[in-house]
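Two complexes are shown next, each including chain A; its partner changes from chain B in the first to chain C in the second.
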Partner chain A sequence: MTTSIKPAAKPSAAPARRGRPAKIGGTRLAVLLMLGPALVAILFFRLVPAFEAIRTSLSDPQGPFAAYDRVFADPAFQASVRQTLLFTVLVNPFQIMLALALAVLLTQRLPLVGLWRTLIFLPAALPQVVSAIIWGVLFRPDGPLNAVLNALGLPHQPFLTSKFQALPGIIILVSWVGVGYWMMFLIAGLKDIPGDTLEAAKIDGAGPLRTFFQVTLPQLKRPLLFVLVADTIANFLVFAPVETLTAGGPDRSTNLIMYDIYERAYVAGDLPAASAETFILLCIILAVVSIQFKLLPSED
Partner chain B sequence: MPLLIGLTTTACFGPIPHGGGSGGGVTLQFVGAQPDGYFDKAIAAFEKANPGIKVKYVSNPASQLSQVLQARLGGKDSSIDAFTADEPKIPSMADRGFLLPLDDLKDEAGKQVSAEAVRATTFDNKLYALPLWTSTALLYYNKDLLKKAGIADPAKATDQRLSWEQLTADAKKAQAGGAQYGFAFEQPGRYYQLEPLIRSAGGGTGLSGAKNLTPAIQDRGWKKALTFYQGLFKKGITPKGIQYTQLPSLFANGKIAYFLANTPSIAIFQKNPKLKFGVAPSPTFAGGKPATPTDSWALAVSPYSRHQAEARKFISFLSLNEAGAALSGQDIARIPANKHAYAAWSQLIDAAGPELAGTSKLIADELSRTAVKRPSSIGYTDFESVVNKMIDNIGNGGDVNGSLTDGQSQLVNTLGRFGT
Partner chain C sequence: MSTGDHYQARSGSRLKRGILLALAIVATLCSVGPLWFALVSSVRPEGDIFRYLSPLSIKSIWPTTWTGSSFRTLMNTGFGWPVLNSVIVAVFTIVIGLLLCSAAAFALGVLQFRGQKFLFGVTLVGFLMPFDALAIPLSQVLTGAGFQNTFDGLILPAVGNGLAIFALRQFFRNIPRELLEAAQMDGLGWWRILFRIYLPLSKPALISAALILFVFQWHAFLWPLLIAPDPAIQVAPVAIAQFSQETFVDFGAIFAGTVITAAIPLGLLLYAQKYFVASIARSGGK
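This part shows the complex of A and B:
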């Protein structure tokens, strides 16, 4: 090992002033090499396609904004925005509260808690189409769910054939799939809370509810924000259950925006309009996520 | 890093085409909506007669084939050589540039294939595909369920076909006699199945104007047919919310008294030895002109294929060659468009079971006198997509007039991008 020659006074003073370690070049290079592949992947798989989409949306033969005009004038698109926003407002609080409740429950000392966690997480490991087909059979008007309702003396339900029950049906389906996945993040967040804080609360005489709302929840802000944002985005992109089961119906009640984009691109073959609608979806998601970041700051 | 760039470049610019070529052999990729193995016999015969050409069949679910073709051919994917094309969508696909014109095969096609089938694959005076099959709808009925309810078997002669009104009454009677469902369509919620009802109620095809790009779905025939259609569900005669693929089995298992379906379902019915079924003509509205659905799948060559000559040979074999057409016909399931194969098929289906005697004459009558085609239009794919959803909606209980108005305005918007 060679002894390093100490640099002259001036250069060594400069790094000290900026508070950086001596080997600047080395660390930067290491960072670049490790992040490099991810950055290249983001460039080629996210940014380039996004710009391509914007470019396609502006290249309609009838004029640069003709595709956007067409999309905004389309009653199917208008319905899809309404239904997607309705879906978002219903599904996200439902899933997150359920995930949180399950996370709290499954971090208690219960018998076989590992087994419960696995079973609840399992649907997330299935392809969405498989889950959709399973629920499609369950929801059949002559299917098992109605059989159970009958046995309990309750009236027979139309489920996915009713324009009022179809969207809630999709909500239940995607929640069955996703709740276990989000629960895992919240379990990790709960386990991160130092035991002393909870001990201290106990000693101070706080009951379980008070402890939860005033100690646990504030400590969960970061994982909760992550789950909220990631779940919201995932729910904006729901497609497989609609394509498999309802084709956007009945009466456009489940015509979520991803399905509308898919139809525009691959049934109508109208790529400029589909790209325009994709860009509009991107703007909606960015708007919603920014609002979430404002309402739930991750740092106290 | 170079590996990553290489991978992403490949991802950006599309799949690496594979078509054999090295060693003199050519492998064609043939994409279709029929299940795996459907064309094995025909492909084997073709490969035997054409050493040096191999064919690999890739199956897609029928409800997704259009979208898959749109994605792949829209992206100028050169790995598809031949594919099955849904006949009414041929004008739309030709407009999008997905079909290689086959005009030099026009004469041969005229000789080997029925005139109706050639019409179904011709657009703008150019031949864009070679027909494989045609289709028609038959009314199958469960003899035991009818007997239990004291209903006489419907006659097989086309001039004695049931009216929809009579069928509704009989279906209800069958349910009173113990059938779970009185009647079902094989393809509820689809324009293919509803067009004959609409036409027999006096309605138009739904598209008008010189180029069939002007929607017109609010005439009396549309209202009558769709109100009747909704009534079947409302009265509990027809089951709601069951996926298409599960319906033929319901009839095969004795749960439905009358079932309006095409010929491929016969294979499913014959699997249940306990089922005693009969065949009768499609019903019509009293006082209306009888109508039946028709047309089916054809074979096309991709203009982006690198083996167009071989692909044309292949599709010619399956469509224009008598042996090839017979092998791709799946015994009695498919009605061949090829004239010679059709003659052989007629004998096969009449001999396929006691209940099927005389069916070929019934089908021949329907094909020549009552068959109604779907409108030829470059906007047909969009039209069908909107109309199917609307029909489904009406079946689920949506207000008929409201749905028709909504559908009309949706169609005006969607077809607007084609001009008029």
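This part shows the complex of A and C:
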């Protein structure tokens, strides 16, 4: 129950000297000035470009839907959708399960646990493009990863030059900076779980696995959903590693959709089609996020 | 940060703890390994980076010779300017962003007016829209409006940050209403209440919001690539990506660049880590 802010009532018989009564009539103005800039920012930097994309996508000289036809018919786009969806289905569960496992691991009573947490979080400070550059060297035929494989007697791997390993390679390098970041959210969520529920489970004789699945996980629903949605959206936007390392290849295996849009806009110079593809991407993201919300309801 | 953990292991067997510790160490090595390699490679002669990889030995990950030559090479390419640009852009983003976001958070969380919930929803949804997906159309619009290769173009799209607003709003709402009511009784207007009462009490949230704004800006790649391609105004990630794609690649210098680009956010995040985690707990977990 919130107290409503009304202009101060008329002072009664013998008012103490308290200065001017609250100027709450200024609320409307305050809202305008305080919230205005943020709303303007949303308007100019989110809504305007969205509408501009839609407008451009429909303004192809050959007709309103010509750009869409062109996009759907393009094998590069089709490969892009396939690879992006494959990427999504692989990278998100991988990152979230790993982040969850690490979060659980690092909320145990271990020696130097704060140190491990900090060090595992460290890569999250790097921009994705820096991760791409570092891993680009790591993945080289003459690079340290192959050197380690050699030392273990295992065969050389082509990594980013193989159409089968390139996408997993990108998964690894984005996960390297991502997992520590999401792990922090889950650690915070785990710490929020009241000790009593865990105590109760222990008293009831539940083993660690039962406790985890029946007590811990349900109480993690909110942070998990947050991490799932935010991570999914972020992974749909992966661009830097493709641009810097693979240029969509080999064989379009890493032609993720943001890169495809970029190429379409700036290499092919086909703005209507690029805008159409942007709109398609936005729809895909909206669809996937809606599904996630449906599948994982949280009390909100 | 370990006291007050509610979620704890059962005091398990020594063996179990040993295994968990080993897992933690392995995870840490995987995390730190590539960074270590980058760091080590940046302080050794460029030729040594690959020379000592095979056969694998301690020399693969520890310099036999130490040199600052890679950093010198890097700076000779003028890398100092992109770093400076990144810092300038980040600082302005934080200052302007904190003003905008805390005012918005205050309006959305403390003020009382009809439609507040609706506007909060609008704000969240508005900022949830994936920025990078809109980067290309936005760059078309802003280039047409004369923002290409300007600091404004780099800074302004980043000052409104939904996560920052959300975190600040949560914090503001946890400030006891008695303070607000007392201030109103004393005749303070909303702006004074915000600046004299709420903001001074909100240091942790402000630091978290500053970090959120900073990270968004420092990590930006596609947007600066589109709006600020000119070498004079390039930011560090763009510059270093370009550098890494040149024909004659100096790996030492590239690693030096990654070290510099990483050092600044690393320093800030390490320093303010606890604030970051605290804000995450408030926003994502609750």
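Brief remarks on what is shown
Convention: the second predicted complex is superposed on the first by the 261 of 300 C-alpha atoms of A that agree within 3 Å, B and C clash if a C-alpha of one lies under 4 Å from a C-alpha of the other, contacts with A are read in each partner's own complex, and residues count from 1 in each chain.
Criterion: a residue touches a chain if its C-beta (ideal position, glycine included) is under 8 Å from a C-beta of that chain, and two chains touch if they have at least 3 such contacts.
Note that the coordinates shown come from a computational prediction; the quantities given were computed from them, not determined experimentally.
Judged by the touch definition given at the top, the superposed model places A:Gly136 against both chain B and chain C. Using the contact criterion defined above for the overlaid structures, shared-chain residue A:Leu271 touches chain B and also reaches chain C. In the superposition on chain A, contact is made by A:Gly249 with chain B only, not with chain C. Once chain A of one complex is fitted onto chain A of the other, the partner contacts of A:Arg82 are absent, as it touches neither chain B nor chain C. Contacts of A:Arg70 after superposition on the shared chain: chain B is touched, whereas chain C is not. After overlaying the two complexes on the shared chain, residue contacts for A:Phe159 are found with chain B alone; chain C is out of touch. In the superposition on chain A, contact of A:Ala38 is made with chain C only, not with chain B.
In the overlay built on the shared chain, the residue A:Pro127 is in contact with chain C alone; chain B does not reach it.
Contact with chain B, but none with chain C, is seen for A:Glu263 once the two complexes are overlaid on the shared chain. Chain A is touched at more residues by one of its partners, and among chain B and chain C that partner is C. Comparing the two complexes, residues 37, 41, 45, 48, 136, 142, 262, 265, 271 of chain A contact chain B in one case and chain C in the other.
Residues 1, 4-5, 8, 11-12, 66-68, 70-71, 74, 96, 239-243, 381-382, 385, 388-389, 392-393, 396-398, 403, 406, 409-410, 413-414, 416-417 of chain B touch chain A in their complex. Put simply, chain A touches chain C in their complex at residues 2-5, 8, 18-24, 26-28, 30-31, 33-35, 37-39, 41-42, 45-50, 52-53, 56, 102, 105-111, 113-114, 116-138, 142-144, 147-148, 150-151, 176, 180, 184-185, 187-195, 198, 202, 208, 216, 222-223, 226-227, 233, 236-237, 239-240, 243-244, 258, 261-262, 265, 271, 274-275, 278, 281-282, 285. Against chain B, in their complex, chain A makes its touches with residues 36-37, 40-41, 44-45, 48, 62, 70, 73-76, 136, 139-142, 158-163, 247-252, 262-263, 265-271, 273.
In the complex of the two chains, the chain C residues touching chain A come out as 1-2, 4-11, 17, 20-21, 23-25, 27-28, 31-32, 34-35, 37-38, 41, 50, 53-56, 60, 100-101, 103-104, 106-108, 111-113, 119, 122-123, 126-138, 140-141, 156-157, 159-160, 165, 177, 181, 184-191, 194, 215, 218-222, 237, 240-241, 244-245, 251, 254-255, 258, 261-262, 265-266, 269-270, 273, 276-277, 280-281, 284-286.
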